[in-house]
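As structure tokens, the structure follows; a few thoughts come after it.
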Amino acid sequence: MALSPEARAIEAVLIVAVEPVPAGLLAELLELPVELIDPICDELAESCRLEGRGFGVVRIAGGFRIQTSPDLAPYVERFANVGVSSRLSAAALETLAIVAYKQPVSRAQISALRGVNVDGVVRLLEHRGYIAAVGRAAGPGQAVLYATTDAFLERLGLDRIEQLPPVEDLLPGPEALVELEEQMRPAGDG
Amino acid sequence: MALSPEARAIEAVLIVAVEPVPAGLLAELLELPVELIDPICDELAESCRLEGRGFGVVRIAGGFRIQTSPDLAPYVERFANVGVSSRLSAAALETLAIVAYKQPVSRAQISALRGVNVDGVVRLLEHRGYIAAVGRAAGPGQAVLYATTDAFLERLGLDRIEQLPPVEDLLPGPEALVELEEQMRPAGDG
Amino acid sequence: MTATVSTPVFDGPADVLLQLVNSHQVDIFDVPLASVVDAFVAELAGWEIVDLQTLSEFLVIASVLIELKSRRLLPGSGDVEQDEELVGWEERDLLLARLLECQAYAAAADGFALLLEQAARSVPRTAGLDLDFVVHAPDLLEGVTPDQVAAAFLRATAERPVPTVDLYHVTVDTVTVSDAVTELTGILPGAGRATFRQLTGHLTSRIEIIVRFLALLELCKQGRVSLDQGHTFGDLEVAWMEGAPTAVAVGAGTFDEYEG
């Protein structure tokens, strides 16, 4: 089934884009109300799935982009030589998680939570573009505050930061809590 | 009609490729005889036409590549004007600045400094005529070296590249530090 | 699951010991903490894999015991005993909260790893515009000044070692603490107050900075400077003590020498 003229136009734009393109910009280019963009992109994504194309249209970091189908990763990796080298360590991932959930947050706050100096890890994450300095704390010392970037969303395949599960959901369950507490409690209480 | 697995794989590779991909390389990636690549790419090109995709697969000097359908050029041009012009973003400007101060410099060197892949940005800057390839590095790989152009100087209102502010002058450092440094110069220093 | 300790008055799990101490069935005064630690270290040596849970539990228990004991040993702490439990509770609650929070972030980190892995299986197209496209875009450099280019360069290279203008030139093969002491006693009385970063900002090699630090410690030990660090990982404030002697009272060889 042939694509609609609007879907073709969006596809062409996404082919030349180097970053996710916001729906608002697509609407502007096509001179259409922005509400119509979502359904058109859905049509596009659906046609890619149906015809088994080598790529898909996804919504990421607040915009739409074209990316290769996950099952073709072996070919793409071999070609583009992407992947493994950029794995993050557990320490870096945990620091990244803290920034993601507590942003904006200072290095000292992260350190206090992790119990270790995090300067190196923060520098690494900043250098890789996952986080960026977004301002300074009001208090004394005016600590630099960090937040996650659009690149972070892109690399995690997220559209918005709100898509991350609420941190409450990640807390250990009540049993684990009781257990941990009992172990720590000096039962003599009383 | 769904694409063959081989056509999907080739499509995925062409989606991530920045330069045209030679048939020989595609054959290698798919572990197929090179004679089979042409017919597969024909299948791909044909399916794009049939389904009225926003792009096509074309054979040009040196290999295959994906390019937007000619009739969609107005949208693509509008996007290039709107989308890109609003964004000689921090990223692009920083890359341009690195070329300006460190020329001649290779893409790999810029990548190393910026910590991200800069191929797209370098292409943009080259395309806009702010930088140009001026030679190749001597070492292995013979990386292309880039330098700023006359157009770049013109736009900035400079005669010579040496008129750019020396970066040392801009180093963060309050007068106090300089003063202190002076004081610290031990009197009898030989 | 906690470590088993052995002391003259009690044999058993460390957490039970803490319970007994807290319920006043065992006097912390009679418990040699060294033997508690020894017992734990001995047990630790027997582990094939390190169980971080048990390890951190033990640290909590040990630190509470140390605190209780130090209170018991210090004179005039009788009235504090009433609040002992409360204080212990507060600390444990805070620690518990932090541990839980960290567990949540560790779980989030696992989720991130999964997302990263999934996302990495799809590669975005970044080829950009076909080069043969005619772009009538306005000049992208419009409004950009040379200063902004310079600033952008500094931003882009901020992570690299900053090129330093070597105003102050020391080329040495061996850096000595005594040299650094001499130098600092030449600078500090005049400057009054400085931060460690200011004092070492012009130095390019790590060893020079370390030697400078050792020199400051030496001066501090001699009571000639005071050192103060406002917050963890904060910059070290150095202040010259009024009236301290400026002459280097010690001959060469008193301080260690370091190969650069």
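The chains carry the letters A, B and C, assigned in the order they are written, with residues numbered from 1 in each.
One rule holds for everything that comes next: a residue touches a chain if its C-beta (ideal position, glycine included) is under 8 Å from a C-beta of that chain, and two chains touch if they have at least 3 such contacts.
Owing to the predicted nature of the structure, the values given are computational and were not obtained by experimental measurement.
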{"item": "Centre-most chain, if every chain is reduced to its averaged C-alpha atoms", "value": "A"}
{"item": "Longest centre-to-centre distance from chain C, chain (CA-based)", "value": "B"}
{"item": "Geometric centre distance via CA averages, chain B-chain A, whole Å", "value": "24"}
{"item": "Centre-of-Cα separation between chain C and chain A, whole angstrom", "value": "30"}
{"item": "Distance from the mean Cα position of chain C to that of chain B, given in whole angstrom", "value": "41"}
{"item": "Of all residues in chain A, the ones touching two or more other chains", "value": "14-18, 55, 66-69, 76, 80, 127"}
{"item": "Where chain C touches two or more other chains at once, by residue number", "value": "123-130, 133, 159"}
{"item": "Sites on chain C touched by chain B in the complex", "value": "123-131, 133-142, 144-157, 159-160, 162-163, 165, 167-169, 182-183, 186-187, 190-191, 194, 198-199, 201-202"}
{"item": "Chain B-touching residues of chain A, taken from the complex the two chains share", "value": "1-3, 7-18, 21, 25, 28-30, 47, 50-55, 66-69, 72, 75-76, 78-80, 127-129, 151"}
{"item": "Residues of chain C that touch chain A when the two form their complex", "value": "1-2, 15, 18-25, 57, 60, 64, 85, 88-89, 92, 95-96, 98-113, 115-116, 118-130, 133, 159, 230-234"}
{"item": "List of chain B residues in touch with chain C within their complex", "value": "15-18, 66-68, 73, 76-77, 80-81, 84-85, 88, 90, 92-98, 100-101, 113-115, 117, 119-120, 123-124, 127-128, 130, 152, 155-158, 163-168, 170-171, 173, 176-178, 180-187, 189"}
